[in-house]
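There are two complexes below, and they share subunit A, which is joined by subunit B in the first and by subunit C in the second.
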Partner chain A sequence: MSRRALDLTIYSLPFLLVVGVFVFYPLIANFYYSFQAFSAFSPTMRPVGLENYARLMNDPVIRIAFVNVGLYAALSVLCQVAFGLVLAAILSQAFLGRWARFLQAFFFLPVVMSITVIAFVFTFFYDPMTGLINELLAAVGLGAWQRAWLGESATAIYAVIAVSQWQSIGYVMMLFVVAIQGIPRDLYEAAELDGAGPVAQFFYITVPQVREMLIVATVITVTGSITVFSEPHILTGGGPGNSSTVLATYMYRSAFFRDEMGYAAAIASVIFVATMMVSLLQLRLFGKAK
Partner chain B sequence: MTTRIKSLSFAALAAVMAVPAYADVELQMFHRWPNAPFKPYIDSVIADFEAANPGIRIVTDQVLNDAYKDKIRVVLGSANTPDVFFAWSGEWAFNIARAGRSMDLGPLLEANPEWAQNIVAEQIEPFTMDGTVYGLPWQMDGKAIFYNKRIFEELGLTEPQTFGELMQVCGTLQNAGHTPILFGSRAPWAISHYIGTFNERIVAPEVLAADYNRATGEFTHPGYVEALEKFAELATCMNRSPNGIDHESTRNNFIAERGAMAYLQYAEMGFLTAAEFPYGFFIFPEIEGGKGRQTTLQGAPQGWMISADTKHPEEAAKFLEFLISPEMGARLTAETGIISPVKGAVTAESATPEQLVAFEQIMNAGDPYIWLDTALDSAVADAYMRGVQLLLDGRMTPEEVMMDVQAAADRVRGSL
Partner chain C sequence: MIPAAILRHPGRLPVITLLALHTVIVAYPLFWMVSNSLKTTQEIYAASWSLPTRWVFENYAEAWVRGISGYFMNSVIVTGSTIALTLAISALAAFGMVRAEASGIGRAANVVFLACIAGMLVAPQVALVPLYKMMQTLGLHNSHLALILPYTAYRLPITILLVRAVFLAVPRDLDDCANIDGCNSFQVLWHVYLPMSRSILLTCAVLTAYYAWNEFLFAIIFIDSDRLKTIPAGLMNFRDALMTDWGVLVAGLVIAAAPIILLFIVAQRYFLSGFATGAVKG
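So, the complex of A and B:
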């Protein structure tokens, strides 16, 4: 072995070891577990072949979870990416002066707060008997709109999604603020001389110039939606029934409540494949964008 | 110089060896009470135990009810199991025992007959599987309908003896502008307490025994649908949208007089000291025409298990003896409101008049029925509770709920 090859091996070995132990081993082990039936308590496993996957195909809860993840992704892209970009463009305007920094910090603040704390606070906001939201609706004469936001199948998933948007929009906005700061100012000056207003400048300069960040933000948001857990887990536990169940909460419930570890491993495999597909799509789109 | 180093080394070794071996014993304890008044009580008991047993140190970890149910599964499946941990009785405990994760406590009881006789024998039974005792009770509990005596007296109402009378009481309360029954089912276990009660009153005991057994459970008896129909009838007396409210809010709303009744546990009496009205309670009334047992009390002991993997079984057993001693039992009732299963612990000195009544109810109830969520296999219980959430939301019928329960029971039977 040459000196260079030896150096490469020595330097990359710790990395390979860490990635191997903490990423690849659990991944492979999870696939193995997905072909078994076992309890969280019990050391004994029973091979069941493709039974867990066959059950997945016919499980109505999985379908609900996929629909909810789709909703999560669509609304997150709309709110976080689209609205986040508009917000970033506004907060990058010169006329805001020092207020721009303040407002950026204001919108970014929820990002640094613990999602557990946020979810608990929103639980109180959403309370049907004493919650702030229903009280506000009554105060402005919209008492008829009062709902048990987290307690009704029709609204639970949207109430959960709303919390995620409130928390995450600041992060995506900051990504766009950074991207917008990299756009040469003379493009805007030239457009202004040509008579383009702020809206035209946004669509013809800002959007094309932050295209790469747009893709990155979209992929982050969509993969985040596929793996979302904390918000639905804390706010609704996936209920009422399964109405706000997403893939990760169903996996967790199967593993640690229903004691079906093999089935939970199969759901984890589905989550892995879904995120993998989105990531591959990202790489492809990113390559094309470049 | 070498001689000096050698001397120092021997001195150091001698110093290490002089420390008694038991000085290193550290017991891990995992329980479900991070909140007052329970945690301060447990901490003070541990401090007393450590003072009396200088060689043993106890380190605790604790998370609330629902999180505990999840986390205990993770830690018991790991290599770092707690030596002593909280346990619900019934199927919940048997699941752990079947997996070989809990120690047989029979030898401990046999070795200390005087101490063992102090524990109410009926409370050990729900921790006993195939003749082996896997857990010991620390708390006796029961479920009753708590009511606001002031509201009842204002409206001239009395404690209902039958389901029909309960519905009449609800009607009177509704007409007077009160919410008759407060209920929160956001955490699904609260549903299981109601459904367990309706099943107990409506379905024959032998049918329940067969269906609650994971090896034989089918849930095809029409009584289960009838039980859900009766529950749906009672739900018309409850606050709107119970699925959006958790049980703690229900209790707080009862204390704040936002409703006249709530189905609470005796263990919650400690919280009711904040109520500015007198309260009473009664066991769920009989259901006319029901084929089940009509006077039984829902409730089961909760207690402690010792991990089968503990490296310190003697010290863990010693700690359990201390925890479930007459002295600690009396303190438990006095300081937390929890009713101790240790004989002589619940007296006029340690308990309030209400707790004494509750104690009598538990002792006279005979064979109590266990909380449904801990009596059933967890997959079946999950199907039941999720289904009833949708029943309350008007999205499922009783028949549809039971179809899901039957499917879950089929799957459990098939997996054995």
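So, the complex of A and C:
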């Protein structure tokens, strides 16, 4: 081995070791575990072949989890990507001056907060007796719409999704702010000379120019929805019943409450394959965009 | 001033209304937190939307002694160790890659590069079951290391790529000079590369702090003892213990959120440039 190759090996060894042990090994082990039945409290495993996956296909809770994840992804793309882009375009208008920078940072603030903190605050807002949302509804004469938002299976998942939107819009907005900064100014100047108003400029210049970031932001929000755990876990625990269960909370419950580690590993494999498919789709879309 | 501007450009009214509305939506929960952290439970129950009539600063002292202080210190330890470990390992690996690429063995460096890309594609959720088993086997379960090591592992790929991009810009001449002066390769890293990369190292430190301070999934599973829990996990116990003491609970929430918000205000530039590189959200 040459000296340089030896150098590279030595310098990257700590990285390869840590990532190998804590990222790649678990990924492979997870696939192996998904073909076993075992308990968290015993070292013995029983190979069960495809049984976990067969069960997955017929598990009604998995179906609910998939529907909820789909809802999560669709609403997140709508709120975060669509509204985030609109916000970013507005905040890039010259007339806002120094306000633009201030508002960008301010809208970003929820992103840096711990989800536990945010979820607790929204638990107060959703409270059926004293919560702000029901009080607001009563104040504007919509008392009939009052609900136990987190306690009813019809509304629980939407109430959970809303909290995620509040936290994450600022993040996607910021990605678009950066993308818009990269658009050549003269495109807008030329459009203005041609008589295009701000709305036309948004659709004919901003949107096509940030196309790559649109793909990236969509992929980030969709993979985030596939793996979402904290919000439903803290706000509803997946309930009432299984109404707000998502893949990750179901995996957690299978592993640590029902002690079916093999089944949990199979759910984790599904999460992995789903996120991989979205990421590969991103690569393909990028290929086409170029 | 904006009001005068509106009069001159009435067409901007819808846009400004939208911004004002979104400002209220973002601001209100933050205002609610701070104002209710200074109220008695009775007042929160009666009027949670208004300002406190009497400012109960004791809520903060009580939240601190009734558990938050312990969680806070655990978070400081875990976050600090994760930052140190992540930066050290990333700087070494990025340096190794840049040097290998410069001396014609870029192929070998590609292995490290690919490991970074592949590592970024693995969501921590997917590794949960095997990591849980591994922590038990290694005897790390229920210790701070059970968080520090996986946190570091999941931050390394993106951090290495960010650091490498900056290391690539270090002029080769400086590198050669240092070699002629008799520096060994580690001294070149220490005396030449690191001082020239302060800004990216700070960015990476800030992003790692954000991740480690807020991480929730591993934090609730790999640690059982209340006395070892970090803030996001500890708050769950804190809430259960304070079910009837809302003012103290909300004060605890403010204390939990404050350090990262302060860090964001102080180091905004590093936060935003780091996040903007994309795909770095936890």
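The definition used in the following text is that the second predicted complex is superposed on the first by the 273 of 290 C-alpha atoms of A that agree within 3 Å, B and C clash if a C-alpha of one lies under 4 Å from a C-alpha of the other, contacts with A are read in each partner's own complex, and residues count from 1 in each chain.
Simple rule for what comes next: a contact is a pair of C-beta atoms (placed from the backbone, for glycine too) under 8 Å apart; a residue touches a chain by one contact, two chains touch by 3 or more.
Here the structure is a predicted model, which is why all the values come from computation and not from measurement.
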Subunit B versus subunit C as contact partner of A:66, first or second or both or neither: neither
Touching partner for A:256 - first (subunit B), second (subunit C), both, neither: both
Partner chain in contact with A:109 - subunit B first, subunit C second, else both or neither: second
Touched partner set for A:223, first subunit B, second subunit C, both or neither: second
Subunit C versus subunit B, contacts on subunit A by residue: C
Contacts of A:202 with subunit B and subunit C, given as first, second, both or neither: neither
First, second, both or neither for A:39, with subunit B first and subunit C second: first
Subunit B/subunit C common contact set on subunit A: 40, 130, 252, 255-256
Contact footprint of subunit A on subunit C as seen in their complex: 2, 5, 9, 12, 15, 18-19, 22-23, 25-27, 29-30, 32-33, 36, 44-45, 48-49, 88-90, 92-93, 95-97, 99-100, 103-105, 108-109, 112, 115, 118-119, 121-123, 125-134, 136, 149-150, 152-154, 156-157, 160, 185, 210, 213-214, 216-217, 221, 231-233, 235-236, 239, 246, 249-250, 253, 256-257, 260-261, 263-264, 268, 271-272, 275-276, 278-279, 281
Residue ranges of subunit A in contact with subunit B within the complex: 37, 39-43, 123, 126-130, 147-153, 236-237, 239-243, 252-253, 255-260
Residue ranges of subunit A in contact with subunit C within the complex: 2, 4-5, 7-12, 14-16, 18-19, 21-27, 29-30, 33, 40, 87, 90-91, 93, 95, 99, 103, 105-118, 120-122, 124-125, 130, 132, 135, 166, 168, 170-171, 174-175, 178, 213, 216, 220, 223-224, 227, 229-230, 233-234, 248, 251-252, 255-256, 261, 264-265, 268-269, 271-272, 275-276, 279
Sites on subunit B touched by subunit A in the complex: 66, 69-71, 73-74, 76-77, 95-96, 98-101, 185-188, 239-246, 249, 253, 258, 378-379, 382, 386-387, 389-390, 392-393, 395-396, 415
